[in-house]
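Order of writing sets the chain letters: A, B, C and D. Residues in each chain are counted from 1.
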Amino acid sequence: MSFMSDTPAPAHPAILDAVARANHGLAASYGADEVSKQVERRLAELFETDVSAWMVGSGTAANGLAVATFVSSMGAVLCHQEAHIERDERGAVEFFSGGAKLSLLPGAHAKIDLSALETALARIDPGFVHETPAELLSLTNLTESGAAYAAAEIAERAGAAKARGLAVHLDGARFANAIASTGASPADMTWRAGVDVVTFGATKNGALGCDAIVLFGAARKKAPELQARAKRAGHMPAKMRFLAAQMDAHLADGLWLANARRANAAAARLADGFAAVDGVTLAHPADGNEVFAFMPDALAAKLSGAGVAFHKWLDGSQRFVCSWATKDAEIDAALAALRA
Amino acid sequence: MSFMSDTPAPAHPAILDAVARANHGLAASYGADEVSKQVERRLAELFETDVSAWMVGSGTAANGLAVATFVSSMGAVLCHQEAHIERDERGAVEFFSGGAKLSLLPGAHAKIDLSALETALARIDPGFVHETPAELLSLTNLTESGAAYAAAEIAERAGAAKARGLAVHLDGARFANAIASTGASPADMTWRAGVDVVTFGATKNGALGCDAIVLFGAARKKAPELQARAKRAGHMPAKMRFLAAQMDAHLADGLWLANARRANAAAARLADGFAAVDGVTLAHPADGNEVFAFMPDALAAKLSGAGVAFHKWLDGSQRFVCSWATKDAEIDAALAALRA
Amino acid sequence: MSFMSDTPAPAHPAILDAVARANHGLAASYGADEVSKQVERRLAELFETDVSAWMVGSGTAANGLAVATFVSSMGAVLCHQEAHIERDERGAVEFFSGGAKLSLLPGAHAKIDLSALETALARIDPGFVHETPAELLSLTNLTESGAAYAAAEIAERAGAAKARGLAVHLDGARFANAIASTGASPADMTWRAGVDVVTFGATKNGALGCDAIVLFGAARKKAPELQARAKRAGHMPAKMRFLAAQMDAHLADGLWLANARRANAAAARLADGFAAVDGVTLAHPADGNEVFAFMPDALAAKLSGAGVAFHKWLDGSQRFVCSWATKDAEIDAALAALRA
Amino acid sequence: MSFMSDTPAPAHPAILDAVARANHGLAASYGADEVSKQVERRLAELFETDVSAWMVGSGTAANGLAVATFVSSMGAVLCHQEAHIERDERGAVEFFSGGAKLSLLPGAHAKIDLSALETALARIDPGFVHETPAELLSLTNLTESGAAYAAAEIAERAGAAKARGLAVHLDGARFANAIASTGASPADMTWRAGVDVVTFGATKNGALGCDAIVLFGAARKKAPELQARAKRAGHMPAKMRFLAAQMDAHLADGLWLANARRANAAAARLADGFAAVDGVTLAHPADGNEVFAFMPDALAAKLSGAGVAFHKWLDGSQRFVCSWATKDAEIDAALAALRA
């Protein structure tokens, strides 16, 4: 029973099947294949607008490339102090951008506090050469604490940033879970809220390894630069059709949403179970597929002893992550072990 | 009938099957899975020595990470003026290294001329702060002209470089083809010849997308730095098992060698056919799976008109690449079109 | 009457004279001249130990080169959240290092809080590839709030960092003022306290434009790398003798200390005057040549109206900086205007 | 008698005097002072057009900043294979640009061969993502072999580059010598010929250490970016007035041209002397202040033995550099030693 992360899960069979189906005959290399084009059409349909998209094999690559396409080496990115790009990507943004700075903002449940954001935005003075001006706001949905921003919360923050001339990036490694949680449309959660570029993750949601960088509106003109950055960083695989097939199946027949709903339901079941255990309290809203619970060390040890795997978080809580493949029986067994 | 490259080819069924087999249950993330460990064992067996290995999804990533692990941002890489790292990777080495310089050397058939190398090596003066000292020699086998270095030729060049304190990298995007061509052992072609790190490609040889960076001997202590660089660049996929499964199947039962032999045989059949056509001459030895042929424009047009795809090279020749999947019938049809 | 900074001040006549004296005959280029060697000897005497030194024309260059010599592109620098390298150098550390990250720590009066430092140090796990490990601690004395660390405070922080394997940098743009303030010896304030490299500023203390990067102990072996970095960044001026002459005069006959004492005394006179004014309170200890005062807007406006120039700080206080050239009469006039 | 370079020479007394005159009272920092503004006016007058200018303390800084302002990290610079930016600046362009590539062109006397340039320009395909497209042409006048491009030769090359959308940089470390040699106007040699940015050196021509980056025409809108790059790289000295005073005096009363003429005349005297010596031949036209002479080893040894210092060049010739301060008597003594 592992709740360590959503990445140890296998790929969804439908996605694996799509990879197998893609494996016939010759296909144009480097993203010029038919499946890649089909993915772009599906994304346009999903987001209800024209998009330019590029697929890569990891979330770190997606974030690094997306951010570097919108922030210069002499600019700064405003993000939450617990953002994945700050804490878990070994300086990928600094690397891809050639030395941009991350300017960190606070906020409960890893949502950027709106007034802290406004203060930071008010202080930007691009004409003052000594300071590094923020050029991009990066939001994360689900947040690193498993909370979901509502579309309106994204719009508030993105709107404030755009009013100051910043671009807006949304780290959507768990975008599907956020959509499943909030019921918002992908369009409302992104470009209609002011997002220029979303990294839309499939890896944690049933793929073998595929995240898409999706550009909206005027940002689409950055597609050639994005592709050149991808090539230079080794993220233009020769046989792109095998990434594309994954995303294609992920988008087909609503699989992305079904998988996310399943993972979210599993997390809700776990959170509900925790609520009934004395001494266990949730650290953050379990909006998506993650549950962060404070519990006495003795309880945590009991769980571990029963073979349940989870991860100690920096705030002292224990993180439990469910995936599309998590079974109710596993959750019930974990809860039973806790209550034993 | 496309001879554009070896990358439009599909994946070999055995490799796809291995990916499917790897897709059960949970697996440790980020390269800590059992299949990845198995690949390292297989590589050690293949190269007859302990190795440290890391897998990535593209040859550009493999080369960029490998080279940057051995050359500082203030150093230079000696390579052939037609090397893939110079001509076809959009400055990946410069990007991964933080600004290293490529110092270009001449040589027939894209092999580095030994005396030009010796002259360049003799001029290195690390104490002269104004110049960028070469810190790494990068060789390519097969070369960009499709020729194969013999193991002794690698040893001559690597030995000269090591005598001056340089590290040695071998770009082995078509390493299997070079081994199939020369009959040398992988060990003789690499570490016994003085190579510190090889990028061993499977992508062009039947994989979906997987190249391994393999460190030998004392260079193995660089493995943690290599992994940190990989993480930072988005080349530490969460579900590494799906890359590992590809390389595992590539190495199992000699598939790597069988695929390369098949591709080489196809190219030999094509080259033999060209030899019988008036006005067609080979630009370079067709040692592996590539044939470079000079031919009158009228002949090239006739071929194109018959639906045969190939690629005009910078030296004026036409490049034809065969893969593990190229069929004799395709070659014969192309030759028939030429002779028609 | 300008208290905007210590940089609008002219150069001290003795330093200008030294430049003129250096201007005869030929001199070896790029730092190989006799005056540069003499400076290294003077610094060794001042710091009571062998040193390796390099001179540059700005504090930003000194900090950028010094820090990048000790932190890799994949590492982090621990520094105060108000440090000059974070707030006032346009990302120079990120640039010089190729993308290192600044990890910010709190603390009153811009001194790094010891327990926050210890918490940050305890969390470093170089083996955890996803996070950016701190490799360097950067302290600033005088701090950005004008406070002076005692040598023992430097030693506490540097000692904690070294115990975790970090290198230690001291940004000494106002090092002379800190020494004049604390009475500590330069040796006790630096290498005896665990500092590996100090950037010792003369620019704010009477030079035309010269700061020295000084390496101590085992860090001296980094001198060739430091020089290569300097060359690459355009900080190896051909006619280095003219930088060297400035530093030489700065060190001769205790001019550095005399200038700093004079500037500190001026600031003390100003701080004392403020203390006697109703509604004016010091934001930070006026240990050196800077005074940060909270005052009602009306008072600030009165001062400005009287032609006194100063600078609004981020904490809401007003910053007044004195230099070696500040005259008592200017201070008295400013105070008189305030009291008027 | 040293002919090693023009950098061991002292500063011209008029320039040193200007520095001393600038040293009174307070001055705005970071380039906002009155002398800096005066320099910009003088440069506009000299070049007969509006300019934006920035001053730095070394030629490497000037070139690195100028080039990086016009080439992206993913682009290439076309330059001569012996250009200073390729051979003598320790990868400064790669550093300042974040990894741009230098694409090297041949040509006699270190002038870029026009047809080689045209071939390179014809091959640029910005839409082909795998290759690094040239974005900038960098010319050098005087060339590294001491030859002077005529204004028409600059215009031919710059025109070809601009027709392909490239920007054009002129490395003018010895620009004054080129103007003195050709008699062209500064305007004809730069913006009228298609040059967007010139690095106009004073350091080798009598300054203590000051080169100006001068932007013309539409390129002037890059001034804020150039300043931000300068700040980030430590090339925005607090007391800029002391750089400005040097350039101001260099430009006043034609000192720049007088110094260059004097240095050129000295070189001509030396070259004429060489012409009269059996076995000595010039390797390159001695158009400016440099003479490259082939001579038997015995002759070179005789000269060295007589205390004459010079520098062995890569082409086997001996390089002799004269400066504004070289005396006829020194030249005559060197020639006498040779003939002895």
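Quick notes on this structure:
The rule we apply is simple: a contact is a pair of C-beta atoms (placed from the backbone, for glycine too) under 8 Å apart; a residue touches a chain by one contact, two chains touch by 3 or more.
What you see is a predicted model; the values in this text were computed from it and never measured.
When the interfaces C-D and A-D are ranked by C-beta pairs in contact, the top one is C-D.
With chains reduced to the mean position of their C-alpha atoms, the one farthest from chain B is C.
Centroid to centroid, with C-alpha atoms defining each point, chain C and chain D lie 34 Å apart. Computed from the mean C-alpha positions, the centre of chain A lies at a distance of 42 Å from the centre of chain C.
Annotation: 50 Å between the Cα-based centres of chain A and chain D.
Each of the following residues of chain C touches two or more other chains: 30, 73-74, 89-91, 95, 98-99, 129-130, 228, 231-232, 236. Partner chain D is touched in their complex by these residues of chain B: 73-74, 76, 87-91, 94-95, 97-102, 104, 129-132.
Against chain B, in their complex, chain A makes its touches with residues 2, 5, 7-11, 13, 16, 19-20, 23-30, 56-62, 64-65, 89-92, 95-96, 203-204, 208-209, 228, 231-239, 242-243. Across the complex, chain D meets chain A through its residues 30, 73-74, 98-99, 127, 129-130, 224-225, 227-229, 231-232, 236.
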